[in-house]
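What follows is a group of structures, each given as structure tokens.
Next come two complexes, and both contain chain A; in the first it sits with chain B, in the second with chain C.
Showing the complex of A and B:
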């Protein structure tokens, strides 16, 4: 008898509807208005790569040890260097990083002994061409410059 | 009833069909096949006489890729198999390599691994619940589930810097130390889940439409589960208390107090209830692990170059979808000689035909949803 009354009173459906109704005016708005408000990403976020330079002398920190290129599963990093006859050290000449093949696993970052290569919080990496995804040393040092559209 | 195996539809149309039967192609673009699964249905009116799965649309050759990568380099790829539960995949792979190397993982690393894997289990079940309910026709739960799943993904993002393909664990332990508010965020997430699970129960459990669409649909009894090698929530819903976390504890699961939820009939509704209860149990494990989080190192004695001695290892863990196994053969070089994955989704999908026979076309959607497949893992 009780179940029959329940069937006619639609209590089960009303319970669900009430749950839906309770969320009509949520206390916390989840939706992010993305291009207008850029969401903050975590401190450890693994995004666009960056080749760090010394803050004062703006010389590269990279010692051309090639460990990042060896650690990369996709083998997308190419480092070239030439031996400096005066200091007997290797000087970085080119550094290319193919972002289109990168899966942002962070292994290159872990491998770097001097914290020169780092994955940053930048996540807007779209380009108009495939060639634009292959970053050279200058691009890696300056970081991506996404166009910020306003209206 | 016709034979189990179906020939391709064009052959079959001439040979196997009688005038009342119809072969219907479902997928691979069908939204309720959760990816790119193609199911060829053989129908008599609305009744399903047999099904045939066509898989491989997402095949990337992950096992072959492993042979050309070093042990560390392959770790990010395993996240891309079951991308809904990437942390579990990483755990299984790391444990298999650790067994090859015979390394001990420090207790703190183990506890953090347990916490993250259980959060991932909840996230995976939330995605299953949302999409499964959406397939059946309840639209509200998917929004609520994704809202809560976001909190889980935020914990992953804060911990390791990625939301989905996390690459959270490294061979021998962890790469990242926990961050300042890690414990608090995990406990807050448990509180939130326990509160929100009530909402899901209000929306679905008593709902007469939900009950009629799921009760008695896609029954797979315990004997059939064992025959097909089905594991995870499917076998527990059939009444078999089989959970690798209890049966062969790994990663310190023997220290935590939790129950294995089971049900009796093994229909879609039972599997729903089992997974809902699993989320509660996961919260219990997270709370215990956070409370007893030991101090200490996070990485065992592993060199920079990982070169296991020749040998083989098989490690299986309880992933959200069932038993996830990694079989790795090492020939003593830097690369694995062979990596074989035992994916729970793939094995569970094998029972689809058994579950679908005799049911209606609309129930096929419910049954695919209840198996909880991820095609990245099925096709690898």
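Showing the complex of A and C:
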């Protein structure tokens, strides 16, 4: 009898309505306004590669040892260098990194003896052309510059 | 000008033109409100990009729909395919003719007002059926068959609930129903010692089903039938169906407000002490509050254009609030305000149901309609009749 009265008074429906109503709070909204608010990525996230430079002299840290190219399972890194007759060291001339083939395994940054090559937390890697995915030394040092759309 | 307005044909014609021109915009903003409220209920944000907080979204949507290619399926019955959205929109908009928007704003106050609305909404169902049939698509046909069966089933309890209210008011004229509620000093929903609540609840449920809204949206069940009867429609024809759907929602809500919630009367119309707080303070405070909310947006928006829009909205709502404080303007608009306010609450309820209840299965829909709503509505009719007979003599 009690359940019949409950059915007739539509208590279940009213309870449902109340549940949805009380859950609408701006603080509970989890939607991210992506281009305006960028999401925080995990600390160990491996994204865009970067070739580090010396913070003061802004000379490259890379010693052209080629270990990263050897470590890469996809063989997408090409390092070329010239022997400097004065210092007897290799000077880096070009460094290309094909991001389109990269699986972000991080073996190259592990292989690097001087912490020059690093996978950063940057994740906006889209380009308009296939060629744009092949990063040269300048792009690796400066990092990707995606268009910042405000709207 | 005076002479022109004195002509009995001119003010209704002006009002008709205003309704036809303004209603698409209102429907667009009801859609925006629906998307926003639904987003609130589902802990999302809803449209946020076009204009600050998405306030210009309806204009962008309308522009998009108008610019779309006009597609007519090659296997369709072209003439009926063309006719169906026209029929739907025409009937839905013509029902506005008898809505009592306020004590001075209405197109016509005829002595068959409620009958006219019911007749028009029934013909509107024909638009859906023809649309589904003519498209020559299985999904459309299934959707339209469902629409037909559902409308036939739910028209009966809707009719019984309406008849109960008419019996209580003693007239079929929309303004007459409101006048009788003023005379009896109680809203239709609480008349007959509260027994009128039975037809009120039934009317709301059957009205939701009649307008094919969730949880009774089987004719356009996305997960089963793509989009139901309007699967093959696109662009402006689809927009007409959309317009008709929202017009139907507004008409059913208006009918409910008129029959059961006192139409354009303020709450407690017979208590003179509440005249000032409810008729002047409440609307002025409400619009001032909305203006305050908008003014916050002026500072929170980053783009200059968006700030300008928010500032304009703030000014607009402040102006409306100020207008309600002026006695002359207040007298003109207060009926419209209460009708609109009650209508807004009803439309909010429709959206709230959509955000809460899951869709019925087809057999459940028929079960609820025939085995529960129709017997209860007949019972409510008889009960109210008997009580009225003894209470009023």
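In this text, the second predicted complex is superposed on the first by the 120 of 151 C-alpha atoms of A that agree within 3 Å, B and C clash if a C-alpha of one lies under 4 Å from a C-alpha of the other, contacts with A are read in each partner's own complex, and residues count from 1 in each chain.
Definition applied: a residue touches a chain if its C-beta (ideal position, glycine included) is under 8 Å from a C-beta of that chain, and two chains touch if they have at least 3 such contacts.
The structure displayed is predicted, hence computed values, not measured ones.
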Next on the checklist: For A:45 in the superposed arrangement: first (chain B), second (chain C), both or neither?
Outcome noted: first
Checklist entry - Is A:138 touching the first partner chain B, the second partner chain C, both, or neither of them? => result neither
Checklist entry - Touch check for A:57: first (chain B), second (chain C), both, or neither? => result neither
Checklist entry - A:30 contacts which: chain B (first), chain C (second), both, neither? => result both
Item to check | Which of chain B and chain C A:21 touches, first, second, both or neither | outcome: second
Checklist entry - Of the partners chain B and chain C, which touch A:103 in the superposed model: first, second, both, neither? => result first
Checklist entry - Is A:13 in contact with chain B, with chain C, with both, or with neither (first, second, both, neither)? => result both
Item to check | Of chain B and chain C, the chain that contacts the larger number of chain A residues | outcome: B
Checklist outcome for this item: chain A contact set shared between chain B and chain C covers 13, 16, 19-20, 23, 30
Item to check | chain B-touching residues of chain A, taken from the complex the two chains share | outcome: 7, 11-13, 15-16, 18-20, 23, 30, 41-46, 71-73, 103-107, 110, 119
Checklist entry - For chain B, which residues count as touching chain A in their complex? => result 69, 72-77, 80, 140, 144, 147, 150, 154, 157-162, 165, 167, 175-176, 179, 199, 202-204, 206-209
Item to check | Sites on chain C touched by chain A in the complex | outcome: 40-41, 43-45, 48-49, 201, 302-303, 352-353, 355-357
Next on the checklist: Touching residues of chain A toward chain C in the complex: what are they?
Outcome noted: 10, 13, 16-17, 19-21, 23-25, 28-31, 33, 150-151
